[in-house]
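Some structures to go through are shown next.
One chain, chain A, appears in both complexes that follow, with chain B as partner in the first and chain C in the second.
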Partner chain A sequence: MKELFKQRIWQWVLASLILAVALACWKPYVLVEGIQRSSLYAMIALPMALVLGIVGIVNLAHGEFMMLGAYLAYWLNVHFGMDPFAAMFPAFIAFAVIGVISYLTTIKYVLGAPELNQLLLTFGLAMILQQLANLVWTSQPLKVHLGYVSASAAIGSFSFGTFEFVYVAAAAILLGGLLLFLKHTRLGQAALAVGQNPRGAKLVGINVDQTYLIIFSLSIALVGAIGAIFMTRHSIFPLVGGAYTLKSFCLIAMAGMGNLAGIAVFSLILGVSESLVLSLRGYAGWADIIFFALITGVIIVKSHQRQIR
Partner chain B sequence: MNLKRAVIICSIFLAFLLGFSLIGATAAEPIKLGAVYPLGDITGDQGVKAMKLAVKEINDAGGLLGRPVELIVIDDEMKPEKGSAAIEKLATVDKVDIFVGGMASGVLLAQIPIMKKYEKVTVWTGAAYNGCEKALGPDANWFFHLHPWDYQQGESYVEGWAAVTTKYPQVKMARQFWAYEEGAFGTGSFKASKTLYKNAAIEGESFKSAAVGGGDYRAVLRHAKEFNPDLFIWVGYAADALPIMEQSKEIDFNPPVFLGSPPGWPADFGKSPLAEGVTLYGMWAPSIKEVSPVSKHFWDAYIKMYREEPATYFAPLAYTDVMFVAAGIKKAGTLDKAALIKALEETKYVSPLGETLTIKPSNIIKHQGFTKQKILQWQNGVQQVIWPFEFSKAKIVSPFPSWKKR
Partner chain C sequence: MKTRNRWILYAFVTALLVTLPYYTGTYLLSVAGTILIYLALALSWDMLLRSGQLSFGIAGFFGIGGYAAVLIFTNAGLNPLISILAGGAVAGVFALIIGTAVLQLRGMYFAIVTLALAEIFRVIIRNLPDLTGGPEGLVLPAAIFSGDSTSTFWLILAVAVTALIASEIFQKSRVFFALTSIRNDEVLARSSGINVFKYLVIVFAVTSAIQGIAGGAYAHVHGFVSPEGSFSLDFALLPMAMALFGGMHTTWGPVLGAVLLGIAAEFLKLQIPYGHLLVYGVIIVIAIILFPKGIVGTISQKLQAR
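Up next, the complex of A and B:
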C-alpha cells in the first residue's frame, strides 16, 4: 500500500514537471506569475492553517489582522520613512501583543463552545477591526509608491516582474520555519500534540492553555508582519483582508487541517490554474469559477477516498 | 372690578409676550438643508466641508429670507439601506426643508422611493447611472440633478476626444483597449463605449478589482500590450489606480494615451512619478481657478477654512449645490415648493466648476444641471484641463511618457 502511494506521488511529480515545462515553453509568464500568485496565497494561508490545526478555531478575522498590519507598515513608512520590509519586525512584535490580548479577551472563552459560536465571534471581531480601520483611516484606499515593486527582468524576448518573487521567498521561509518549529522544538512538538489530542497532551503535563495562547499569538504576529509585505504592492483599505480570509480558508479545506505542506501544493495548483485562465483572452471571469471548482473537486475526491479506506 | 382690570391687563401682556416670542422664534428658525454623503470617502468628506463653507458664507452675508441656514449631515457609508434611512430621518425627525448632497448611484436608487414619499425639493450632486433617472420618472419635478448622467458623460467624451484629436493630430483614437472591472460599473462602461465610438476598433477585457480581492492586472495588461492600442483605458476603483501603473511599468506597457476612469483617485496619486501623463475624466481641476474667479474664490476659501486642498470635483460640486439652492430661495423669496421649483428652473449660477449652472430637461427628468465631463491629465502632480479648451491652460502630454525615463 505504501509502495503504491509512493509510486503515485512520483507519477504526480513527473506529470507536474512535464506540465510545467510545457507551460514554460508555451506561455512562460503564466508559470512565473502563477508561482508568484500562489506564493501570496500560501504566505497568507499558512498562519491561519497553524491556528486551525492546533487551536482548532477558524479565525474569520485573519485577513483583518493582515489589513491592520498593512496599515501599521503604511503609517511607519509615511511618518518615519521606514521601508515596509523593515516595518515587518515592529509589526510582528505589535501583533504578537495584539494576538495575546485578542486571545485572552475573546478567543479563550469560545474554545469549548460549538463551532458556530466560534465563527460568530471571529466574524464579529473581523467587523470590529474593519470598522476601527474605517474610523481611523477612512475607506479611502492608501498606497505607498515604492520604485522597486515594478522591477523586471528579461530572458530573450520574455520579460517578467521580479519583485513578486519576494512572496515566493516569504512563503518558503514561512513554511520551512513553521515545519522546523513544529517538528524540532519542544514547544512545537507540544503544540502538535495539543493539536492532535488536547486531553492526552494535558495528561502528559503539557500546558494546553498556554500552548493555545502562544500559537494564536504567533499566527497573528505572522499575519501582521505579512501585512507589511502585502502593502508593498497592494492598495490598502478596511475591507482588503476579507477576500484573503476566504481564500485562505478554502486552501486549508483543500489541504486538510494542519497540513502546512499541502497548503503550498494546493496554492501552487490554484495560482498556476488561475494564471492560465487569465492568460486566455476573454476568459478572465472564469478565474474565480476555476478556483471554487478546484476546491469542490478536491473536497469531493478526498471524501470519496476516505470512504474507500 | 380691580380684579377684572388686572386680568385684562395680564391677558394683554401675555398676548404681547406670546406674540413677541412667536415672532422671535420665527426669526430665529433656520432654513434646514439635509445632506447625505459617504463621510468615509473623500467625495463625501470634502463635499460636506464645501457645503459647510457655502453655508458659512451665506450666514455671514445675513442668511436667506432673514433666517440663518443650517446644514444637517448624515453619513450613508455608501450603503443603500443607510442612505434611505437617512432621507427618512431628515424628513421626519429633522424636518429639513430641502435635500442636498448625494454621491453613489446605488444609494440614490434606494433613496428614491423615500424621496417620492415626501417630494421635498431635492438638489442632488451624485449618481451618474441612468437607471436612477428611470426610477425617478418624468413626474419628479421636485428633483434637480446636477451631475451628468452616464450617457451624457459618454457623449461629452466623444465630443472632447474629437476636439482633442483635431487640435493635437498626434493623438489617435482608432484602436482602443478597455480594461474594465468585472462589476456592473466596469461592464456597463465598456458596453456603452462600443455604441459611442462606432468608428474605432475596440477591444476589452474584464479584471478583478482590488476592491473585491483582485489586484493582479498583469494578464489584462499583457493582452492590451499585444493589441497595441492608441488609447488604453481602465475602468475600476481608486484601489486599482497605483497598482495598475506599477504593473504597467513592470511589463513595459506604454500606450500613447493611458487613461484611468475611477470614480475617485487615491490620496497622493499625483505625487507618484507614475502619475505623470495619465489622462482622466472629471468635472473640475484645480487649474480652473486660473481662468475662473469663482473657482479661485472657492479654492482660496476652502484652503483657508480647512488647511487642505480640495482634491475631488465633489468639493466644488457640493459648494455649487448649496449656493444654487440659496440663489433659488432668494429668487423665489419663499420656501413654498412650487415657487422654489420655478425659481430654481430660472436660476443661472456661475459655479466654481467653470460652467454656469442652468437647468434643462434630460432624457427623462425635467431638471438636469451639468451635462459634460472634462478631459484632464496629471501633469507635475496636478490635474490639468485638456478639454474644454476654454478652461485649458496646458497642452496634452502625448505620447504617454516612457517608463524608462522616470
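Up next, the complex of A and C:
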C-alpha cells in the first residue's frame, strides 16, 4: 500500500514537471506566478492538515485565524513600525495563546460529538472571528506599503517579481520543519500515534488531551504567523480568510489525510492552473472556480475508488 | 397535548397569521415577512440535517432560486408566481446534480462543497454579465403585486406554510425513518436495505428547492437580485442559528428559533449595523456546546425525565 502510494505521488510529480517545462516555454510568467501562489496555498493548508490528521477536526475557522494574524501584523506595523517579518514572532506567540483559549473553551467539548456538531462549531467560530474583525476594522480593505515587496529580477526580456519567492522558502521551511517535528521529536511521534489511534496512544501512556491541545494551538500559532507574511503582498479584509479555508481543505482532500508532502505537490496544480486562467484575457474571473472543480473531481474519483473496493 | 387541542391551536395560529395584515402596520408586516422567509430556510435546512448531513449551501440555493425566478419572469414573461416555483425547480435541479456528484462521499466532504456553493454561484453570476447583469444584478420593472404589502405577506406566508407542511409530512413518511436510521447508524441502515444515497440525494434536492422558492419569493418581493445581496451570508447564518437555537431534528425547534431570533434580529440590526452577525456565530457556538438539542429538545427532555 505504501509503495503504491509513493509510486502515485511520483507519477504526479513527473506529470507536473513535464507540464511545468511546457508552460515555462509558453508562458513563463504564469509558471513563476503559479509557483509563488501555490506556496502560499500549501503554507496555509499545512497547519490545517495537521489538526485534521491528529485532532480529527476540520477547522473551518482556519482562514479566519490567518486573517486575524494579518490584522495583528498590520496593527504592529502601523503603530510600532514593526516589519511584518519581525511581526511573525509576536503573532506566533499571541496565536498560540489564542489557540489554547479556543481549544479549552470550545473545541474540547466537541471532540467526542458527531462530526456534524464539530463542523457547525468551527463554522460558528469562523463567523465570530470574521464579524469581530468586521466590527473592529470594518470591511474596508487595508494594505501596508513596503518597499521591498516590488523587488524584481529579469532573465533576458522576461522580468518577474522576486519577493514572492519568500513564500516558496517559507512553505519549504514549514513543510520540512513539520516533517522533522512529526518524525524525530518525542512530541511529534506521540502526536502521530494519537492521530492514528487515540485509544492505543492512551494505553501506552500518551497524554492524549494534552497532545490535542498542543497540536491545535501549534496550528493556530503557525497560521497566525503566516498571516503576518500574507499581508506583505495582499490587502486584508474580514472575509479574506474564507477562501483559504476552502482551498486548504481542497488540497488536503486531494493529497489524502495525513499526507503533508502531497499537499505541496497538489498545491502546485491548484496554484499554476489558477494563474493560467488569470492570465487568459476575458476569463480571469473564472479562476476562483478552479478549486471547486478540483474538489468535486476528487470526491467523484474517491467515491468511485471506494465503490470498486 | 391531545390531538384535538392541537388542531384547535393550529387553526387559531393560522387564522391569526392570515388576518395579520388587517391589524398591523406595514413595518410589522415586513418584519413578520422576513421572519417567515428565515423560518422556511431554517426548516428546510433542518430537514436535511435530520439525515446527519450538513449543508452550508442555503444562501447558494436561495440566491440561485432568486436569480432563476427573476430571469424566467423577465425572459419568458411567465406569471411571477409560476416563475417563483420555476426558480425553486432550478435550485432543485442544481442540488440534484451536485448531490449526485458528491453525496457518495459524505460528512465533511459534502459540508465543505456546500460551503463553497454560494461563492461559486456568485462567481458564475458575476462572469455571465449578458445573462445575469453581472455585478450590478437585475432589477424587476415592478415588485410582485405592485408592492401591495397584504398580498406580499400572504405569498411569504404560503412559502413558510409549504415548508412547514413539507417538514411535517416528512416526519411521518418512510423517508424520515430511512434518514433517521442513516443518521444513527449508516451501516445498519444500508444492511436493512435502505438505499442511503438515493434518499440523501432526494432530500437534498427537495430541501434546496424549498430554499430556491424562498429565494424566488424574496427576489420578487424586493424587486431585484444582485450577487452580493442574493447570496448574502445572512441567508445561511441566520437560518442555521435559528434551527440550532430552537432545536435540531424537529419541526417546532426551527419554528420557535426563527420567531425568537427573528424578532431579536430586528433590534440587533438597528443597534449594530455592521457586525450584528457576530451574535449568530456566538449563538451557534453556545448552542453546540451547551445545549446541542436546542430549546425544544432540552425542554422536552426535561419533561420526559420528570
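Quick note on the criterion: the second predicted complex is superposed on the first by the 280 of 309 C-alpha atoms of A that agree within 3 Å, B and C clash if a C-alpha of one lies under 4 Å from a C-alpha of the other, contacts with A are read in each partner's own complex, and residues count from 1 in each chain.
Quick note on the criterion: contacts are C-beta pairs under 8 Å (C-beta built on N, C-alpha and C of every residue); 3 or more make two chains touch, one makes a residue touch a chain.
Keep in mind the model is a prediction, meaning the values are calculated, not measured.
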Which partner chains sit in contact with A:Ile300 here, chain B, chain C, both or neither? Use first/second/both/neither. second
Output check: A:Val149 vs chain B and chain C. Expected answer is one of first, second, both, neither. What do you get? first
Considering only the touch criterion stated at the top, classify A:Ile128 as touching first (chain B), second (chain C), both, or neither. second
Once the structures are superposed on A, label A:Asp288 by its partner contacts, choosing first (chain B), second (chain C), both or neither. both
Give one of first, second, both or neither to describe whether A:Tyr29 is in contact with chain B, with chain C, with both, or with none. first
Under the stated touch criterion, which partner chain does A:Thr138 make contact with: chain B (first), chain C (second), both, or neither? both
A:Asn117 in the overlay: touching chain B, chain C, both, or neither? Say first, second, both or neither. second
Give one of first, second, both or neither to describe whether A:Tyr244 is in contact with chain B, with chain C, with both, or with none. first
Overlap of chain B and chain C contacts on chain A, residues 134, 138-139, 242-243, 246, 285, 288
Would you pull the chain A residues touching chain C in the complex into a rising list? 58, 60, 106, 109-110, 113-117, 119-121, 123-128, 130-132, 134-135, 138-139, 242-243, 246, 249, 253, 285-286, 288-289, 291-292, 295-296, 299-300, 302-304, 306-307
The residues of chain A that touch chain B in their complex are 29, 33, 37, 134, 138-143, 145, 149-152, 159-161, 163, 233-235, 237, 239-240, 242-244, 246-247, 275, 278-279, 281-282, 284-285, 287-288
The answer for chain B against chain A in the complex is residues 38, 40-42, 45, 78, 182, 205-208, 210-213, 215-216, 218-220, 222-223, 237-243, 246-247, 249-252, 264, 266-267, 271-274, 403
Under the stated contact criterion, what part of chain C meets chain A in this complex? 49, 52-54, 56, 98, 101-102, 104-105, 107-109, 111-113, 115-116, 119-120, 123-124, 126-127, 237, 240, 244, 272, 274-278, 280-285, 288-289, 292
